[in-house]
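Two complexes are shown next, each including chain A; its partner changes from chain B in the first to chain C in the second.
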Partner chain A sequence: MGDSEHAWKGTAYPIVPLIPDDRERRLVMTAPGGQHGSRLDPWMQSYARRTTGMTASEIRALFAVASRPEVISLAGGMPCLTALPMDTVATTVARMLSTQGLTALQYGSGQGDPTLREQILEVMALEGISASADDIVVTTGSQQALDLVTRIFIDPGDVVLAEAPSYVGALGVFAAYQAQVAHVTSDDDGLVPQALEERIVALKAAGKRIKFLYSVPTFHNPAGTTLSLARRPQVVEICHQHGILLLEDNPYGLLGFKGEPYAAMRTLSEEGVIYLGSFSKTFAPGLRVGWALAPHAIREKLVLASESAILCPSAYSQMTVSTYLATCDWMAQIKVYRELYRERRDAMVDSLGSLLPQATWTHPEGGFYVWVTLPEGVNAKAMLPRAVTERVAYVPGTAFFADGTGQRNVRLSYCYPDPDRIREGVRRFAGVVQTELDLLETFGPYDATGRGAGPSTGVQSPAPDLS
Partner chain B sequence: MGDSEHAWKGTAYPIVPLIPDDRERRLVMTAPGGQHGSRLDPWMQSYARRTTGMTASEIRALFAVASRPEVISLAGGMPCLTALPMDTVATTVARMLSTQGLTALQYGSGQGDPTLREQILEVMALEGISASADDIVVTTGSQQALDLVTRIFIDPGDVVLAEAPSYVGALGVFAAYQAQVAHVTSDDDGLVPQALEERIVALKAAGKRIKFLYSVPTFHNPAGTTLSLARRPQVVEICHQHGILLLEDNPYGLLGFKGEPYAAMRTLSEEGVIYLGSFSKTFAPGLRVGWALAPHAIREKLVLASESAILCPSAYSQMTVSTYLATCDWMAQIKVYRELYRERRDAMVDSLGSLLPQATWTHPEGGFYVWVTLPEGVNAKAMLPRAVTERVAYVPGTAFFADGTGQRNVRLSYCYPDPDRIREGVRRFAGVVQTELDLLETFGPYDATGRGAGPSTGVQSPAPDLS
Partner chain C sequence: MRHILVLAGGLSHERDVSLRSGRRVADALTRSGSETYVRDVDPTLLGAIRSSRPEVIWPVLHGASGEDGALRDVLETLGIPYIGSKPASCRLTWDKPVAKALVGAAGISTPAGVALSHATFRELGAPALLEAVVDSLGLPLAVKPARGGSSLGLTIIRSASELPTAMVTAYAYGDIALIERYVEGVEVAISIIEDAHGEAQTLPAVEIVPDGGVYNYEARYTAGATEFFTPARLSSSTAASAAAASLTAYRTLGHQHLSRVDLIIDADDRPWFLEANVSPGMTETSLLPMAVEAAGLATSKAYADIVERALTTLP
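And then the complex of A and B:
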């Protein structure tokens, strides 16, 4: 917690941790030949203040390289769609278009298809949620729901609380709306309630306006942890006591590897929680269908904000999902996904156990990610180019913090490569780490002016495959 | 022009013309039983400043009534999809999924599918545009492009120039980002260059920051007019002289009723124009596929903003469009649409000519809309409930101004109902207008405190069918 305290010094905004420093900005704004940005961009003086912090990540170019087939990517969060019965989906969609094409290809409701919203109730019921279809807003993936919630709540300088680490795509949205992100200490059981309470009290004492707590309580991205059942009511109660909204982001909740799904935080509070769901991981992300379930008054604002942003979500995508849910055995498909990801989780965790004894890592019970902590002195971002040279890619931990922490961490994904590729990827990764440790022993640790890249200084837009 | 000067008095923001006054806000925030909003919405104090102006239109509920089948809606902008060869589309999509399903259902590039971007070049070439696929960003309908452009350029209080009247969905976006909208006088040949020049000079003298001119130069929504070829270079030159970006919104450009398409404004300036295109009217809106073509540096910002907003546009929708373009005769389909809309335009204009001699209206050469000016004293918004009772719906003119003008105007759409329904709709509309004129003669004109609704006091989010 203490490591991000420096974020709260200084004026209300621009915000220290979210605006990259001049050195980084030049990386983006300067031409390779060294021309000043304004020579390249005649509109440079016209951008909004929020746009100043909007810079491409330095690791972006690297990920273009990492997408080559010889590189094993443990970086992306792409679901494994080979498990989908593609011919069944194709037949289903063709029938849907032939019978309901005029509706599917037309403008639809800004709030989303009523039939699909009813079906979403059934999906959420698996996590114990009881709600009204009228309180659901269908969005272009749950990323859009994140954007809309932030849009309606955040003025520049407002504070968003978030786990440490936190989903990089959410940090990008918070930065785009000039929020200050205050990370809250999290451990193997998720967010630490006492740390949350203390953080809130300290921020309020400093005169900050805290708008919401952003949390991925179940099968966390990137941490791979789950908020324990004991802590869930404590977190909800702390938020309630302090008048802070809880934004529960739950794309992985149905992808647990043992037993019944966890009850969502939303089951503990109807008025205090906005719940975000998605079909990206339980069906397919290319449809871009997610949703928000919100207290009624907030739902009204979300619909208006969404209409302003996109008029209406795609009826075509929504009716594809709706027809799939109505005519295919979607629960069996989720079971297929679960088994598949469990096998891959095992491959990754077993390989780490035999190949990387110098590190520690989390043991996910669901979802897509393992969070690795490397030995003291290793800089995961600086190490990445070498890893890509060795044909393995990962996401450096600093991407998941708004304040530059996470240098020793990496996120490894096991969702996309098959188990053999995972094992080979971990083998390559372990080799890179070992070389790094040998270098460290010989030359000493990195520093900001030494070899390799310095610490991260800001949240940067991820490439989409980092989702 | 002078009619919106009052907008520029007072403080920088909140902005007078875009934030509904208390009376209107209460309409939304107050429960039917009269409870104060804060009783209903415990989060009322938490919203961002931009959310204050986000209120549901009063005419929204009316349009729910207007969607009943007995009501002839001349309000919506829904394309006539019965003209699409639906079985061909269904077969095409099924084949696409069977052969490329793993890509179509997966996350894709934040910028948009490379193949589709190449095909978009061919579409834009019909309007004389020469560009690089690398400067195109695919969006969730061109509404999202509007949102992204506004997001990266507008700080609260910045000025957007717009035709008078202007597209309601764009005004909603500008309001959402707390822009001030300055309308520029427009006539049957579109935007008046001299008025544009004078408006810019006056705003600059008043210390305003003008960010861009928003224009629908071809087959305007709602005006039904087209910027003349003579004026196009003048408008581009005035923008260039004053360092103002031109945002050319062109969803209807290929739906002209005679001869070749107009050359886009983008053909006159590569560095000064962001061009927005859409497949919503030339193919189908339910796919939500539009695009922005932008100067390179701006395009980079748009991609980052879009990734923050939605991660990536739907690969499924994009590949559906891409496959349709590659395998179906899309130009023949556009010709079918043109003929169909020309017939409907004729039905509407002929009916107006025989049934509404008291009014004047525009004569669109393409697109979806006729802009009607009713006799002095008629308040089109106040008249709407009576019209719906008489089973005809339209959009009151005030929806298309940020400053409350347009009270005598209505937008009539001829895109969706067939010619017989259009003729019957105009007959009902003419009857309502005649009754109104009779009432006026008996009781005198409306005023803000008199019978019916007062003048509009702000831009309000449209229902999606108003697009």
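And then the complex of A and C:
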């Protein structure tokens, strides 16, 4: 580069030219008068279309603050592992490793450890499921099962039906495979069957190809609702009639606060349902062990798809879970969790009742989340920066919709903070809402879909390690 | 070998950006042969500083506390040398309306604007006040928090009906919003670092052409979403006047060691001062590192030189 060519020469940084450090050089230089600048990413033109939407986002950046202890995070979904008997788990895992290390640290079966698959049958029996271990595929968390199911069923443009709102992590998978998500109206009793029927008919009339209905029927994330027993057979029947597969995602089913677990949707149809389960909430998410129970033809494709993606799920993780199930009182541990989360649910719902009378919210009978509906006109996403200033974090409702709705909603989680922190968090949150209402009163109902507050600003979900 | 402590993170809205900036600075300094540590600003910090006694601290903190001068006051109190401008200079710069007034008084054009709190709107009535603002400043307008960086809370509006939303967006980040006339033109950032004699020198101007037209958060931190021209496509006389304007801002605001000045060059080649940054972004997509490289320098050498100069020019 000749200095004299450059307009900035007169004030250029006057240091003896260095041998450039290649590791630091980027394609930032442009020829003077050139028509094209640099984009800092030389592969810009090479990315697949499915990366659209994988952009930096203000919302996601704000969650960075939530990891600080000063901030009360009601945004994350991390289970409360302090309730685990860690010493017992450590001893058990150590023994497993010293006796079965050659298997645990080796490649394993693509379908998953046969012993663990037998044990998974016992877990699912609590929800009334009877099945064959042969139809289970163990996956790296049930999130991978979601990915595999989407991979084998979705061509770009195919429709996935989902509750309104729906699990943000599933929406991310559907977007990555270029599915079109059609939300179906849901209320306090879960999916509304009539709305499902109408939606299917309308989509089919519009020439759309519907591949499956994605549902979290029990202790919904984020809605905190449960599909009523009366509606369950109706939903299964509607799917059956229209030839639509039902993808039942059930990570929270055993974490109910009263009575016996709900019978899974899978008990109503063996051929029409893929059931996803997980040890992330009942034992430990760090092990990343989940599973899919699928009709045998689908199961065969899932195994092949999984082998091509990851070869096999972690043998070490599976054997850790298997040993835990075989040697520890895992049912007693689940009861501990139920009691712990029930207390936290109570703390949150009671605080909302006394501090946020302007809003409405769901009353979860299990799981991790309360879904709050704020007064008309409030934009939960636009007020997140103020919440961060006030040292409280939540996830704006728009994250749980593929279509930008949910502006008045927030998801509050009660799984991780203790009851005192939950009460203080709700108190701070109520203050943030009040300030937003004050602004609303001053500036009138404003259109918060504008820039900086709209639905299109990239990934809005918090990272999995957010507390 | 220098023993350098880089501060990154903090509790601001720009924590994520700061963490990335801090790692980049620390990596570069490590490559230059320094012993470098990165720490968050938290209750363990002061104890750690007292026990490890770094030779110099480089605060790479964005947003409040990092840029409002408070933390640098603390470093002054501790008597530890640090990189960057003094607390008073930070305070003047951090408050955009104040910085605009000072730089404007020094003869540099800056878009006409008003800084208003929510309380003012509540007292006087928003519709009438917004109407008066639009009558006075015209359209389009840029609305942003009076304090803060990374374009957080920024909206460019082209019709008066968008103004209420823009106000609420800005107030989510702070109590005071700056509404200023939006000057159409070429957006450039000019980074300034001090040379071996302590003289402030401008680096090549970086011209910013975001895909969506507005250099907002997404455009800043999504690699590929913005096209950069380095040096900016300016005539030599325009480039010189832009560089001179940014040096005037740097000196007027009392900056030292390094900073960045953001300007718009209008159709008549006149530079308009938008804001200055005492703790400019240092991430992989940030403007100052880009300018350093455009000047033919390795960031490791340039940052190490800043440290050396800072240590030799300290009182």
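One rule holds in what follows: the second predicted complex is superposed on the first by the 408 of 467 C-alpha atoms of A that agree within 3 Å, B and C clash if a C-alpha of one lies under 4 Å from a C-alpha of the other, contacts with A are read in each partner's own complex, and residues count from 1 in each chain.
Just so we're on the same page, a residue touches a chain if its C-beta (ideal position, glycine included) is under 8 Å from a C-beta of that chain, and two chains touch if they have at least 3 such contacts.
Just so you know, these numbers come straight off a predicted model, no measurement behind them.
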| item | value |
| --- | --- |
| Partner chain in contact with A:439 - chain B first, chain C second, else both or neither | second |
| A:386 touches, of chain B and chain C: first, second, both or neither? | second |
| Which superposed partner A:307 touches (first chain B, second chain C, both, neither) | first |
| Which of chain B and chain C A:154 touches, first, second, both or neither | first |
| Superposed model, chain A: greater residue contact from chain B or chain C | B |
| Chain B versus chain C as contact partner of A:55, first or second or both or neither | both |
| First (chain B), second (chain C), both or neither touched by A:165 | neither |
| Touched partner set for A:366, first chain B, second chain C, both or neither | neither |
| Which of chain B and chain C A:44 touches, first, second, both or neither | both |
| Partner chain in contact with A:190 - chain B first, chain C second, else both or neither | neither |
| Residues of chain A at both interfaces, chain B in one complex, chain C in the other | 37, 40-41, 43-44, 55-56 |
| Touching residues (chain side chain C, partner chain A) in the complex | 11-17, 19, 28, 31, 40, 42, 118, 121-122, 126-127, 152-156, 162, 164-169, 171-174, 193, 195-196, 201-205, 207, 209, 214, 216-218, 220-236, 238-240, 243-244, 247, 284-285, 290, 293-302, 305 |
| Of chain B, residues touching chain A in the complex | 37, 40-44, 46-51, 54-56, 76-79, 81-82, 84, 86-87, 89-91, 93-95, 97-98, 101-110, 140-141, 143-144, 147, 151-155, 158, 169, 172-173, 175-177, 211, 243, 245, 271, 280, 284-288, 295-298, 300-301, 304-305, 307-317, 320, 461-465, 467 |
| Residue ranges of chain A touching chain C (in the complex, touch as defined) | 1, 6-15, 17-18, 20-21, 23-26, 28-30, 32-34, 36-41, 43-44, 55-58, 60-62, 64-65, 68, 70-71, 379, 382-386, 388-389, 391, 436, 438-444, 446-448, 450-453, 457-458 |
